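There are two complexes below, and they share chain A, which is joined by chain B in the first and by chain C in the second.
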Partner chain A sequence: MAEWICRTLRDGGLEGEHAPALLIKDTIRCPLSSFVFDHVLSQLSSFILSNKSQSKGIVLVALSRSPLYYQQFLKSKGYDVVHSPCWIQVLDCYSDPLGWKSKLVESGGILNRDPGSSVTTSLCKNVRDLDNLFSSIIEIGKELAGDGKGRFVVAIDSVSEMLRHTTVSSVAALLSNLRSHDQVSCLFWLLHSDLHETRATAALEYMSSMQASVEPMALPADGQIGNSMNLSLMEQNFRRGKFCVRVKRRNGRVKMMFEELCVEISGIRFAPVSSEDNVIAQSLVPKVQFNLQLSEKELNDRAKVVLPFEHQDNGKTTQIYDGRKSLIEGETEIHEKVNSSGKGEIIYFRDSDDEMPDSDEDPDDDLDI
Partner chain B sequence: MAAIRPRSSSFSRSTSAASNSVPGLKHGPNGTIFLSSGIPDLDKILGGGFTLGSLVMVMEDPEAPHHMLLLRNFMSQGLVHHQPLIYASPAKDPRGFLGTLPSVMASKDDKSRVHESEQEKGLRIAWQYKKYFGEQNSDSQRDGKSEYCCDFDLRKPLERHFFTGKHIDCITLRYSADLSTFHDRCSSFLSQTPRTNGNIVVGRIAIQSLCSPQCEFSDNEWDMLSFVRSLKSLVRLSNSVAIITFPPSLVSPAFSKRLQHLADTLVSVKAIPDEDKELAKLLTGYQDMVGLLSIHKVARINTQVPVILEATTFSMKLHKRRSLTLECLNQAPVDGSSGTSYGTSGSCSSSSKTGALDF
Partner chain C sequence: MSLNLLDEALDGGGGGGGGGRVILIEDCVETSGAFVVHHLLKRSLSNPHSSDVVVFLSFANPFSHYERILRKMGCNLVIQRDNKRLLFFDMLMLKRDKGKKGEDLLLALYGEVQKAVEVLSREGIQHITVIIDDISLMEVDANGSSNLVLDFLHYCHTLTAQFGCSLITLNHEDVYSTVDRPALLLQSEYLADVVIKAEPLATGLAADVHGQLTVVNKGLRLDGSGNSSSRIHNFHFKIKETSVDYFYPGSQLK
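For the complex of A and B:
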C-alpha cells in the first residue's frame, strides 16, 4: 500500500483540482513515521529522476532534521544531490528558525560557522511568518519546475515543529494555499499526533486527502512499564509497526488499507498484513435483531428441549398420564398415600376415564353421511 | 401553479389565493410554509421541505464531500425559482462553486420508459416494496417547470440564464478575522425578506464549512456560536431558510453540542468505507451507495408536537450518477448474540432502527 500511495502522489492532481495531500502521523508508542517520510521522499525522487512523474522537482521544508541529513540520506539511496542538484531544493528552517543565530553573529557574539552542507538550501529565518514561508516555497518551486506549466512536490518535515511557533489556523491556511496552487503537484507532511490537541490533529486530517498512520503492533496488556514482557513489546514497537492508510476518494467513500512495516538497517520494508479485523462495518449500521440461521449451540439446545407431547419418540413406551396411578409405581405410591392421608388431595380423573378403553363404539357412527 | 399535496390532517385552513401562486412554496401544518430542499426524497422525509424561518444545520464528515451535494441541490432549487441567494464558503473564489450546480433533469420520458420495460418482465416479487412507491407518486406530480421540487441532474451544470440578476451573492470567509461583516451582510439580506402577509419574498442562505480551520476566526468558538445564534433569530423573523454545514470533529465537543442544539433541522452525513465486504453483506444495494444521511431533528414551528420518523438513517445513492436519492436502509439480518440492541423510537417492522449515528 505504500507503493500505492507513492504512485498516487507521483500522478499528482488534475488541472483545476486540489493536489493530493498525504499526512503521515505516529505516536510515541511507535515512532517510525520519519522512516516512512524518508521512504516516500526517496520513492518520489526516483520517479522524478526517471521522468515518470508529473512534477519536476521537490521543495523540502526541513524543520526537524538538518539539510545535511537529507543530503546523506539521498546519497545512501544513490541519488547524488551535490553534483546534479536540479531536482531538489531544501528550505532550511532547522538551522536558524527564529533568526537568533544571525542576530548573535551580527552582534559579534558567536563566530559564523558554515554548516558544511552543499545541498542547495535557502535559509529561512522566521518560521512564524507563514505567508513569507509560502511565498519562499512557491519561489523555489518555480525555479525548479520552470515557469509556466511545470509542477513540483512540496514536502514538509514535521508540521509538529511548525505548530510550536504558529497557530493551527495559519498552518491549515498554508496547507490549503499549497494544495490549491496550480503548480503544486502533490504535498506530504509529517505529524506526531500525540504532541498536539485532538482538534489540531483533526484540523490537519481535514486538510489532507490521504492519511497514513503508524500504529504499534502490540500494546502492552497493563500500564506497567517495568514488566519484562512489556519491555520487549515496547522494543518491538520501535522496529515494527502497523501501517494504516485512509484515502478519501472522490465518490465520497473512504478506502482503508493495512500493512505491516518493519525498519531494518537497509531501510524500511512493507509487508501485507496477516490478519484483518473489520470491526468498522458493525459500528456504522444500526443493528437488526432477527436471525434466520441457528448456530451450533442453538441447534444443540433445540434438540434438548422436551416438548410437552406425550409421544416423545425416544423409544420408551409411552405412558399416558391419565390421572390414575399406574401399577408399576404402585408400591411407592401406597407408602406416599399412607403418609399423606391426613392432608387434602386433589383427585383428578380424566374425562376419558369415563369411557371404557377399546370399546367397540365407533365415534364416527353419530355422523349421518 | 404549485402542486397541491394532500393534507395530512382533516383540518383545512382557508388560504389566500396570493400565496398559492408563488412557485416553490407550499403550505404546511400549523401555519407554516415550506420551501423545497432540492431533493425530492428529503422533502418527503421532512414532511414537506424546509420550513420558512428555520435554520438547517448539516454535520459534515471530514472524509466525504456529501454536504456539498446537499448544498448544490438547495442552491439550484433556489435559483430555478428565482429566489435570492447568499453563498459563503472558506474557498478563495466561491463563485467557482456556482459552476457545479446541477440543472433540472430534462426529460421525463427517460424515467417512464424504464418503468414500462420493468413491468414487462413478468411476475416480480417486490419484497422491498416500499422502493416502488415513489415511482407512482412522482409521475402524478410532474406538471411543468414551476413545480415545487425539481429533480436535478448532477451531471449537467445549471443554465447560464439562472445566474443573471443581482440576487446571487458569493462571499468568501477565508480572510475574515471575524464574522461581523458577514453578519451585517446577512442581516441586510434578511431584511429584504420580512414576514408580511402580502407578497411573500423568499430568500436562501447557504454557508459551507463554517468551522473550517483555514479561516482565522475558527479559533474563536464563542464568536462563531454567537453568530449562529444571532443568525437563527434573524432568520426566524424573516421568510428565509438558512443552511449551515460544519464539521463537528473540528470543534470542541461542548461547542459542537451547542451548535447542534441551535439547529431547527439537524442532519448529518457520513462516509462509508470502500470495498468493504462486511458492509456489502449487511446492506443490500451497497454498490450504488455513496454515503449515509441521518436525520436527527426536524423543525417544528408553532407546535409542541415532535416528529417521530419511521427511520432516521438513509443511504444516499446517485441514480445513474445523475440524481440523488435517499433510501431506507435494507439490511440483512445480523446474528443477534453479537451486537447490542439499541433503543427504538419507531415501529419494529421497519428494518432500520436508531443506531450509533443518532445522538
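For the complex of A and C:
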C-alpha cells in the first residue's frame, strides 16, 4: 500500500487536474512519520533516476531538518548527490528561518559560515513570507525540470513549522497554489497533528488527496508510565505503528486502508496487518504463575458437560413446577438417578409457563432488593 | 567515572561519543529534575576528552548556586570556568545590564552563544554542550511568547547540525498542564532525541525512593550495532548529599 502511494505520486496528475498530494501525519505517541517521509522521498528519487516518473526532479523545502541530514540520508541510500546530474534541490528554510543569523552577521556578531551541504541551492531567510517562498519553489523547480512542460515534485518537511510562523489560511493558500501549478507533478508534506488545532489539521487534509497517518498500535491504559506493561507498549510505539491511509478518489469516493509499519536500522518496512498483533498481545500478557490455558483432557471434559437446557433433553417430558405433587415426583427421580449412575447432573425445573424456554433473563428481576 | 543506570540509559541508544544530540529533561513540582542537569553538567566536564566545553545558559540560578552543588559532587566549576571549559551566561545579570526584553534579548543571547561556539570550534574543540536551565523561565523573559522560545530553540538546534553541538534543556511539565495542546512542550519533545522524565512514584511518597526517571531514546540511526537495544529505561532514584543512587524498582539499595 505504501508502494501504491509512491506509484500514485510517481504517475503524477493528469493534464488539467490538481496534482496528487500526500499528507503524512503523526502524534508524539508514535512519532514515526519522518521515517515515512524519508521512505517516500527515497522511493521517488529512485523512480526519477530511472526515468520512470512523470517528474524530472524534487524540490525539498527543509524546515525542521537540516539539508546536511538529507544529504547524508540520500547518501546512505546509495544516491550520489554530489556528482550525478542534479535531480534534487533543497530550499533551506532550516538554517536561518527568521533572518536572525544574517542580522547578527551584519552587526558583526558572528561569522557567515556555509552549512556545507552540496545539495542546497538557496537559503530562505524569512519563512513568514509565503508568497516569496512560493516563487522560490517554482523558480528552483523550473531550473530542475528544464523549460517547457517538464514537471517536478515538491516535498515539505514540515508544515507544522510553517504553521508556527504563519496562519492556517496562508499555508493552505500556498499548498493550493502549488497543487494547481502546471509544472508540479505531485507534492507531499509532513505534519505533527497534535501540535495544531483540529481545524488546522482538517483544513490541510482537505488540501490533500491522500492522507497517511501513523498511529500507535496500542495505547497505555492510563497515563501512568510506571508499570512495566505500559513501558513495553511505549517502546513498541517507537518502533512500529499502524499505517492508515485514506484516499480520496476523483469521483469523491473515500477509501481506507491499513498496513503495519516497522522501523528498523536498515530502513522502514511495511507489512500487511497480520496475526502478529496477537503475538505481541500474548507476549505483553504479564507473566503469571497460574496456568491460564486448558489441557486437552480438560477441553474434552468441558465439551462433555450437558447444560440444563431443555433443547438438549433426550426425549424426556418437560417438567414444570406447579405444586407439591410434581415436585415429589421429581425428587424421587433425582434419587433414582443419583443411585443408579453415580454421576453428577444438573437438574432444572422450569418455574412456570411464563418463562420462555432457555431464556437467560434474570428470574429475580422484579424483586426490589 | 563509574557508569550508573542513567549513564547507561543515555549511552545505550545512541552512541555516546557521537554528539549532536538533543536531550530534554521534563520534571514537575513534586520531583525536581535539577539533579539530572547537575549530573549531565558534571558528566560533560569530567569526560576523558578533556577538551569538551559546556556553554551554560542559566535563567534559574546564579553561578554560585551551581558551584556549591557541583563542588560537593567533586567538580570545581571555578577552575573549569577559569580554564575556559565552562562558559556561564547568568541571564539574571545580563538582563539587568542590557535592559533588553523579548526578541531583542533572545536574539542577542543567541548571537553570544553562536559566537562562543564559532570561536571554540575554530580552536578545534570537538564537542560543545549547550545547557539551558530552564525553558519556562526563558518563556518569562520572552514576555510569555512560547513561539519566540521555540525560535530560539530552533536556532540552537541549527548549531547541533552545523557544529555537532549537544543541546540539553530542562522544562517543567506541569506548568502546561491546563493547556489543551502544550505546543512548547510537545514541540520540544519532537525536537529532542532523548527525553528524560522525572516523576514522583505512582504509589505516593516513600522514604527510600525520591522518584522515578524514564529515559526515552528516540535515536535510531546512530545505533549501528544492529541489535534492538531497549530504548525506554525506567528506574528509581534517591538523592543523597553528594551523589544520587539509581536503581531498578524493587532492587536493594547498597
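Convention: the second predicted complex is superposed on the first by the 272 of 369 C-alpha atoms of A that agree within 3 Å, B and C clash if a C-alpha of one lies under 4 Å from a C-alpha of the other, contacts with A are read in each partner's own complex, and residues count from 1 in each chain.
Throughout what follows, a residue touches a chain if its C-beta (ideal position, glycine included) is under 8 Å from a C-beta of that chain, and two chains touch if they have at least 3 such contacts.
Model, not experiment: these values are computed from the prediction.
In the superposition on chain A, contact of A:196 is made with chain C only, not with chain B. Legend: residue contacts after superposition of the two complexes on their common chain; A:28 is shown touching chain C, with no touch to chain B.
Look at A:346: by the touch rule set out above, it reaches neither chain B nor chain C.
In the superposition on chain A, no contact is made by A:307 with either chain B or chain C.
In the superposition on chain A, contact of A:205 is made with chain B only, not with chain C. In the superposed model, A:265 lies in contact with chain C only, and not with chain B.
Look at A:180: by the touch rule set out above, it reaches chain B but stays clear of chain C.
Look at A:248: by the touch rule set out above, it reaches chain B but stays clear of chain C. Listing the residues of chain A that touch chain C in their complex gives 28, 31, 66, 68-69, 94-98, 100-101, 103-104, 107, 109-111, 113, 115-116, 164, 192, 194-197, 224-228, 231, 234-235, 238-239, 263, 265. Residues 167-169, 172-173, 175-176, 180, 199, 202-203, 205-207, 246, 248-249, 251-256, 278, 280-293, 295 of chain A touch chain B in their complex. If you check the complex, the residues on chain C that touch chain A are 107, 110-112, 114-115, 118, 147, 150-151, 154-155, 158, 161-162, 181, 183, 186-187, 189-190, 197, 199, 201-202, 212, 214, 216, 218, 220, 223-224, 226, 228, 230-232, 234.
Listed in rising order, the residues of chain B touching chain A in the complex are 62-66, 92, 174, 212-216, 218-219, 247, 249-252, 270-279, 282-283, 290-292, 313, 329, 331, 333-342, 351-357.
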